[in-house]
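Both of the next two complexes hold chain A, though its partner changes from chain B to chain C.
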Partner chain A sequence: MVSIVVVRRVKPVPYFIVPILALLIGIGVSIVILFFLTGYMVQPMDVLVSIWTGLTQPNVIANIFLILTIVGFSLAMSFKGGLYNIGGEGQFWMAAWMIVWLVFTTPIIVSQTPLVSKLVALATGFVAGFAWGLLAGILRGYVGVDEVPLTLMMNYVAYYLIDWLVMLPGRPWRDIYGYAKTRSLPQTLQYSIIPGTTVSVEMILVTIVIGFLIWLILDFTRLGLTIKIHGSNVNLLRSAGYSVPLTAALALALSGGFIGIAGILYLCGVTPSIRIPVETTTSGFGYLGILVTWLSMLELFAVPIAAYVVSSLYNAGFTLMAIKGTQQAGVTAGVTNVFMGSVLLMYALLITISEYEIRIVW
Partner chain B sequence: MDAALTGFLDILISSGGLFVAFYLMALGHSIVEKSGILNLAIDGMFALSATLAFFADVYYGNDLLKSFLLPAVVIALFGLFMAFVLTKFPVSHGAVGLSLMFLMYGLSSVIGYGPRIVQATMPNFSPGVSLSLEERIAGYLTMVALSIFAYWFIEKTKIGVSIKASGEDPAAAEALGVNVLASRLVAAAIGFSMIGFGGAAYMNFYVRLWDERAVILSGYGWLAFSIALSGGRHPLVVLLTSLIFSMLVHSSLQLVAWYGISRELSYSLPFIVAIISMTIYMATPLRRLLASPKGLGRIYFREERTV
Partner chain C sequence: MEKSSQAIFSSNPSPKTPIIRVENIVKRFPGAVALEDVSVEFYEGTIHAILGENGSGKSTLVKIMTGIYTPDQGAIFYKGRKVTIENPIKALSLGISMVSQSPVLIDRLTVAENLMLGLKQLGIFASPKSVLKLFEEIMEKIGIRVDPEEDVWKLTYTQKQLVEIARALMLGSKVIILDEALTYLPLEERRKFYRYLIEFKSKGGLTILITHKIPEAFEVSDKITVLRRGKHVGTVKTSETNVDTIREMMFAERAKEITLERLMDGVPGETVLEIRDLWVKNDFGTYALRGISLDVKRGEVLGLAGIVGNGQVELAQALMGLRNVERGSIIVYANGRSYVKPATKTLREIGVGYIPDQPLSHGVSIDYGLRENIAVMPGYTGPVINWGRLTKLAREFIEDLMIVTPSAKTPLKYLSGGNLMKSLVARELDLAKSALVAYNPTRGLDEVTSIKVRRIIKEKVVNNKIGVLLISEDLDEIFQVSDRIAVINEGKIVGLFDAKSARREEVEKLMVM
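Presenting the complex of A and B:
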């Protein structure tokens, strides 16, 4: 008889083994899937070349990398609290929308010096993302609604809400040529890209500051401690006299707030207008960030490394499209989801081996 | 009054195909979750099953049997895999579910593109069937019969009780002689194949086209999730919540005409109602009356175990 024996390890395996294994096996699974589902049109070499292209061209993927790093840091904050914030997409886009709305309805924002305007934009993004996250946080903390379906459905609400707002007739943010997008942000808010790269000084600075801030909050404040205890032992938090619902609400809200800043960076540093329908034009940073956070094993210092790898995978989807062509092989942007799903699945399964030994006994 | 009643009946009848799809998915999801497996892959499963149904329609000349069987078998296989790893190993239900969801989005995207190109070369072809009035009514009646059968199966049969016991407290159930793995595999085989049937019904009886927005980005799998949740995973109550949501989704575009609200806002309405319904479920005595299985989503495994 076949026996599966699961035994807890005396000493856990080094934490970096699991994400590396998950990445390698996940890419292997993706290669097999794409090879067979595209009728052998996508060869293993194509996939490897696509991924390698991203990995070896940091200047190309730099903007995606920085945004994913911020989203990864932000999600780590709620994930450490045991709260799966899958609503990064909604928080990201609500923040982006809020700055568009503010800029075109309150011109005083952009009449300040560029530095002040940019800081106001970042603050606006934080507040918008915080508010959208807080809504989910209150329902999660005080009512007990499961945050996973809740935040996911709030993404759809955010998408459709923005689609509607962008197309409201006669509004100052409407594209003057009638295209399905907003007008571009004024130059004072747009970041200057460093020549030869896809990033700006502002994006780099903001990413570093956010990483530092989240590290400070999590490791040196009472709030950070309560968030971490919420993730490991809610009863301990309760018995210590802290409000469990408030901690949950704040963790989701803060996570949303920082993701909101990523939304502003995207708008000011990557593309200066919002195209609709958002649900079909989004790059899906809110979802890709989940992969970043999981691969980092919730270790903040590993977030940029994971973000770099995920940026390469993301870029690989588009490189594959360029190499093989959608018409020939049916390779669409959805290929990114194959990479993402495979790696995440392998990670979810392999994380077991870090603490447990699995033996198959005949 | 007559006009309102006529309007209501119109929506009721015309949303019949969607009702069948939602109910099958929500009922399948309920059976799976009654066994304690948290199914966060449901939206990916919906997308993949609808895509596979479309694939079968295009390549097998609208053969409905194949169009329903293919997604049911594929989704059931994924489900059996889920049930096995989540019962045998200390693995997070949420992480496995979400990762499978993303993988299935990707699979749907890659699989769906080919038949869509082929369909473009078939000028008079539409996937699925246009249901007649009688067929829609038959659909409703079949789902009512299915709900009664499902209720009997879960509440009155030995395997149904085993499934429920595995979801409430798998360790205690195992101590009492219930084979938790076998119970969960049975629940997965039945429940996930029903989700596959639901996705196929959406493609064949309702939307009858494949594009990323209608299938992968619609979020209807999540609506099925909240239909099951707000119906307490009870086969008869879920019948009611499926009816409400299918009518709401179907009539959302009519709201544009009736009340002058925008198309985009009408799309968001089902999701807003889903959030409200989940909130009502959690904030009212419904939470106790139609309680979730206590062991839902909890990692269950025993060290040193044998198959």
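Presenting the complex of A and C:
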């Protein structure tokens, strides 16, 4: 008699299989969805060409790639600690807001030389993101609030707080023409884009430094080890004498701090002012970063690879709009979310195959 | 064999009738082969013991028979028919059930509710009244009285184990596998249960007894199978062999290292750990410790004997700052000063080691290797980790305790239970510069490794003058290692003896009174 047996794997599947399959099947699902929902106007080749364009034009997607790499590294740190920081958006934008506020209300940043002002801006972004993450961390660690809904809700607190602050009348950061945005940052703070690309030297350097720093922290410091052990066995941490609440708070805070730096890079290197509503200004780097982190299977070396792929998918939405015929089909850049959602869904389903196998037994 | 009107397999049960046959079973785990081409036959109306050292594959074999694992190769035959046991429900439907060392009852439900759950899962929707009636009949047969309306958390370990065994019988089990299930029962309770096993056998039922304790196998089994390093060494009739032969089959040339003789005497010095009138609550809000007072001196092992569930877990946790103390005091003397109710971090920094009762959940991180499990402990690294030094230290531990692992970086989840325990013991023994609180430090370890660990503990006590509070349910261990023996019963110290002159029967009596 033939039996179908589902058993837990004892030997792990090579970890890259799940993200690769999730990508391939996710893209396939997106193609099917777009083909049918647009009345066959978006052909499979259109989708593949748009994704391929992103993959083969690194100069176009470079700025998004770098930002997602930083967010991916930062989230990997907290995810490794078993703390699911969904609040990347809030940490990103609170850091961006903090710079705007400081630039237009105090001379702390603008009175410095360009180099120093940029460094101070980065440090301030870290502190702002750290503080926003620490708030969630304290509630998680000391009160026991689940960090997933908590950090998610804090994103909305950040969005609406910033939307309100930007539009406060008579404030020095208000756009002089009354548009729903802040004034642009001074030139001394803005990064110089390398011709032919979308990035600056500063963005590249900062991304490399942050990646290196996070790797050092996680793999070579006691702090990093306690964060990782928190994700593995909090009881061991406790019996070793560590404060579990403090470890949780620090992990979320550090993660938030580094994401804050990504917010500064965005403001100084991509768009020098904050436009509202903040929630829809971008496709949500804080959320895209989660996909990057999952696709990397929490392996730091794979974060840039996953970030590159996700950036290509992000860009594919814009490319698809430009392809002849698709505008008539009503395709907007929001189609990006179809790609992201499909890949994430496939990932969630396929992760089970890394834990279970199906055997046919005779 | 007597003919029985309630025969389980056949109307004329015979120990010559094979019930289960495992043939050429192979099971692999990352970095190790757990079972290599193992073939064994189990017969009707027998009590069949499976013995082996740590990592020999005995637990793996029975987990395959109960559907927890699936073999990579080989076949299982049940009453002559090839079967696939893909999950525990399938095993239960064949009448194969397992009782393991740790009861898997739900603490917050009553005994009756736990029993109903088990039956419901199998699709047996008996009425509560009939379930309770059957439970009472079985309890009477086993010779134990447990109130089915009692919350499980209030039961003693012994009672919980017996409820588990009763549940196996209520499910109509024809094959009962006891995976170290009787090892920590007091002798008196074990003997009561043996009477039932013999009756079960007379009706043709098959009992498979997994143990690493050779004397336990000789107490009741008809046959003994020995596994070593995943291979079947041999199957013999118990009446035709002896303890030494079995030891040689289990350990080969290492068998001569086994001894139950008392280890060297400690020389007690000044007090390192002072406990006065300690009152501590358990997780359910009632007092687990009721005014305990004990002193542990440097250079001695104070053994604390008792049946599990009498406050030992709470005592160990309270001493390590992991559980609140309602009343009383704990003082640790180290570095020329006294520390009153020290926090866990302080205890670790002044060199108090801790081997917890649940090593997997409280003692190690299985996702990381031995070197990471060392590094996380205070005193082994500064803010920046020197992996070179820690890897070297981990390798020393691996060599000293013969831990079987590919490397110091291999995640502990890939090690067998015994090697994982050795990793924990190695780390805590190294960390213990003042004192060690050890709860069942050799649980799950084979005899050779247990002796080695006990010897290392005692050498550390004698040479380094640390004080050890050894909490154990294994009286062999208590008597072998301790200089003084205290007995705990229902949260109180009911006896204190010099280990050399203590009588085992007296200690056992105080444990169960």
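Everything that follows uses one rule, which is that the second predicted complex is superposed on the first by the 347 of 362 C-alpha atoms of A that agree within 3 Å, B and C clash if a C-alpha of one lies under 4 Å from a C-alpha of the other, contacts with A are read in each partner's own complex, and residues count from 1 in each chain.
One rule holds in what follows: a residue touches a chain if its C-beta (ideal position, glycine included) is under 8 Å from a C-beta of that chain, and two chains touch if they have at least 3 such contacts.
Because the structure is a prediction, the values reported are computed rather than measured.
When the two complexes are overlaid, the chain among chain B and chain C that reaches more residues of chain A is B. Using the contact criterion defined above for the overlaid structures, shared-chain residue A:R238 touches chain C, although it does not reach chain B.
In the overlay built on the shared chain, the residue A:T336 is in contact with chain B alone; chain C does not reach it. Of the two partner chains placed by superposition, only chain B is touched by A:Y287; chain C is not. In the superposition on chain A, A:T124 makes contact with neither chain B nor chain C.
By the touch criterion defined above, A:L223 reaches chain C but does not reach chain B. Touching of chain A by both chain B and chain C, each in its own complex, is seen for residues 1, 3, 5-7.
Residues of chain A touching chain C in their complex: 1, 3, 5-7, 10-12, 220-223, 225-226, 228-229, 231-233, 235-242, 359, 361. Across the complex, chain C meets chain A through its residues 28-30, 69-70, 84, 86-87, 320-322, 343-349, 354, 356, 361-368, 372-373, 375-378, 381-385, 387.
For chain B in complex with chain A, the residues that touch the partner chain are 40, 43-44, 85, 88-92, 94-96, 98-111, 113-114, 117, 212-213, 216-217, 219, 222, 225-226, 229, 262, 264-265, 267-268, 271-272, 274-275, 278-279, 282-283, 287, 301-307.
Residues of chain A that touch chain B in their complex: 1-8, 33-34, 37-39, 84, 86, 139, 143-146, 148-150, 152-154, 156-157, 159-161, 163-164, 167, 277, 279-280, 287, 290, 294, 326-327, 330-342, 344-345, 347-349, 351-352, 355-356, 358.
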